[in-house]
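Listed next: structures, encoded as structure tokens.
Each of the next two complexes has chain A plus one other chain: chain B in the first, chain C in the second.
This part shows the complex of A and B:
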């Protein structure tokens, strides 16, 4: 086995035994939140990292995924799980509608357009009484594993872990597929890619649709785990930005970057909240903001860049 | 201008408001003193932010800017939150009080002053960019950092200056707003989204574009609120924004995106 394989195996093992080793509910909850952030970050990464089409509107898809199951439950008392795939398909369709106008734009213009779309959805949901308006929707209260409604975070943890493994597998497969090569060509230079005959527009759309469906899955999981959604908590600008932060802090356009980013950011935030959050002073956000700034200041390309440099240095000195 | 999306720009406005508030409360200085002082303080903060953070972040990909400036946003906003508590504060209304009667319209003096200073400031920045040597240097660095360096321009100094001026403008805006708007740590968020929309709609790097887009946004917002319902005002602005970008991907007065 190569060194990379061993590292991977150890990390996977650590993730698998984590909720057994950490018995506090707080620690287990943090674990679940890490996986949720990693899921949405990995999903964003498909279009934002590999193709560097920096969307600041992924909360749209996250929110659709989050609302679909709870809407079904609230209105017809149906099993919310059944609506997860529906939410994913819906998000992919919305991605198609969103992508057609916005992929004509480049760079900052694309980012700002996605941001505006995110705000549109946020405002739209907030004034729609059928969607619970500003007060939001609630999920099942009674315990029922078939509706993914449980008190302990541990079952959630394993469901999300399996989903994350599948999603990383999907991205790994895409990486070695035509789509992955095209996306990286677009990232390097859209014009060059187009001049070499890459159907840039179509492949950006495909990537966005896959990314949207995966983001919706993360949104559904979030809604079922927390059991409650409101417009700000799933459609908010903060969600869009946090998805970007998680994916890019670890290393955008890399397979494990988002997982690494989530594993660093979420515990930092929870720790800051638990340590400095008392009294509603907002000090926890000061710490959180400072951590983000320092990490970006010294490693703007993401933390996996640091890892690569260390390995090159180790190889050079050996 | 410098091709950076600064999420913390709204917080610069907030800092300007708090600077005005502090200067007034502790030293009883009037707007004629606290507005220039807020500009100077924010100019220094802008330079500091550039040298301490942005210079290194610019080495990375574009999303590193989002990351760093969002971290800065959280840092500034909640630092103010921590120090000043989230209570709303106001400056006494008599500071710049009264209304002016102008061609059948009643306009409160603080708002009139704010509008006039804003127009003068925008014109000044435009003049600086297109008519002075410093402006030419900024445009050169924005266009091609390496080529500018070969021409003997120090890109770091120029960009730090641009950050200083940008923050100083935000500081003036904040100090002006403080004369008629409530002051609280999270007030910056109210303005930054519309500032982004204005800049993008006008075309990045185009001062006349932003000058044109600002009133358009204001008119669309007020018209939508007046003719339909206030809830739809922001929706109208964002919809208009997306439609315009669909038709003109480079913004109203932006240069064509032939290159990247």
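This part shows the complex of A and C:
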């Protein structure tokens, strides 16, 4: 137990001093992107990892979170930050509407439904002039910390780090309470869970709504950090897939899995894009495909699952 | 009567797996449900537990009609069950498995945990409460299933071939456990095709064959019944 505490402390310390140690803007930007991916991965993990209701449409919630602040800013020049909670509530409501019909479906059917829904939103936003259509929306240009608009990535980094700590704290709390127990029971056997009086359908809905609100927060942060969104960059399939990969690479259904997955995947991706020609999202698809193949073949439990297995083996042979 | 099924029938396509079966379970009963393979025991059982909806007939639990109630509602009313093939939550520890059940009536985490711990001790898994569900052996998993169901605070416990696949020593331990559960005030319906288990436990036995009840009464009377012998062993060839 103490060793786990020490590891946790060292990792937290490393995250806290990272932007002070890495002074290049590129390196700091990568740090911010890692935190954004960890935020959305941690959010997805609530419903996709613990309950194993694998949504491939979380870009819907990410996109809602991303669009809400910039839409407010573009139309009424209001402070975009004010719209973050609105985006979260909106995402939770959409989650409720999505969950009511799709949670009647099981396993792969649920995944397929969320996938289709993601594409539907992407298309809908692309053809809606009020939402900036295909060209998207821009945020504030002038520096203003009160609107979370700054040139250096460092302030973003710390805001996102605090948010991530809070979100992980929330998930840790859920994990230890009724919701966490029920979600893990649903993951293992819905039939057995129901026989124990677990209202499976209701708890899936609750989990999806919490997950959606948290994902929207990550989307809002992304929009404020980049200062620009278009349909493909926040509602795109690549976003939905990245969210799933980040969580499952580190370990779906584990507290720190998504953070670990983000810390590995995002730098790899940024490095590959920088080395083999920037801007191309094609390479991301290749990386994701490779990760999916390796994971499903060798370690569905992700890296934390592998670590656990190795430790059990080491303990057994000692 | 605590649990009452009236003229239950369950059809799969044209086949009547259960036809016109009535069964009564009192609050302090141990009722054994036996019969050869394919007699319809498991189908009847699943109708009582809520996994199947009966085609005809009604089920009343403590004055409430539950014929069409979902399994989770039955659990809330006080019906607990185990599965023929244990469905342990493999990635959760033994105590966490049982806490899932305890949360049905517990408000706080502390009270759910306390209840779970108490039941784990009762079923004899006290020394393995932190072990993962998936690592338990057959007997361990069956104990875990009983513990989980007990944690929901049931008034009747439905046991589906809980003792199948156990060694003779394990079977005796399991019978002991069921007796302890019964003594704590829980009615029991047990499906089994191992005759010794039923003889040792059941106050009343219901024998099914081809979807119908062919005999019921005390264990001793039932085994002497020629129709029961016939169902199990076949009719003696006429010389």
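The working rule: the second predicted complex is superposed on the first by the 291 of 318 C-alpha atoms of A that agree within 3 Å, B and C clash if a C-alpha of one lies under 4 Å from a C-alpha of the other, contacts with A are read in each partner's own complex, and residues count from 1 in each chain.
Following the convention adopted for this analysis, a contact is a pair of C-beta atoms (placed from the backbone, for glycine too) under 8 Å apart; a residue touches a chain by one contact, two chains touch by 3 or more.
Just so it is clear, the structure is predicted and the values come from calculations on it, not from any experiment.
**Q** Which chain, chain B or chain C, ends up touching more residues of chain A in the combined arrangement?
**A** The partner making contact with more of chain A's residues is B.
**Q** For A:86, select first, second, both or neither according to whether it touches chain B, chain C, the two together, or no partner.
**A** So A:86 meets neither chain B nor chain C here.
**Q** Scan A:170 for contacts with chain B and chain C and give back first, second, both or neither.
**A** Once the two structures are laid over each other on A, A:170 reaches no partner at all.
**Q** Which partner chains sit in contact with A:107 here, chain B, chain C, both or neither? Use first/second/both/neither.
**A** In the superposition, A:107 contacts chain B only.
**Q** Who does A:194 touch here: chain B (first), chain C (second), both, or neither?
**A** A:194 contacts chain C only, not chain B.
**Q** Name the contact category of A:184: first (chain B only), second (chain C only), both, or neither.
**A** A:184: touches chain C, not chain B.
**Q** Once the structures are superposed on A, label A:248 by its partner contacts, choosing first (chain B), second (chain C), both or neither.
**A** Once the two structures are laid over each other on A, A:248 reaches chain B alone.
**Q** Using the superposition described at the top, list the residues of chain A that contact chain B and also contact chain C.
**A** Touching chain B in the first complex and chain C in the second, residues 189, 191 of chain A appear in both lists.
**Q** In their shared complex, at which residues does chain A touch chain B?
**A** Within the complex, chain A contacts chain B at residues 48, 52, 54, 56, 101-102, 104-109, 111-113, 115-117, 119-120, 123-124, 127, 189-191, 237, 241, 244-245, 248-249, 252, 281-286, 288-293, 296-302.
**Q** Which residues of chain B touch chain A in their complex?
**A** It comes out as residues 3, 5, 7, 52-53, 56-64, 66-68, 70-79, 81-82, 86, 185, 193, 196-197, 200, 204, 231-232, 234-235, 238-239, 241-242, 245-246, 249-251, 257, 260.
**Q** Show me the residue ranges of chain A that touch chain C in the complex, using the header's touch definition.
**A** Touching chain C: residues 176-178, 181-182, 184-185, 187-189, 191-200, 253 of chain A.
**Q** Which stretch or stretches of chain C touch chain A in the complex?
**A** Contacts found on chain C: 49-51, 70-72, 75-76, 80-81, 83, 87-92, 96, 99-101, 103-104, 109, 112, 133, 148-149, 151-152.
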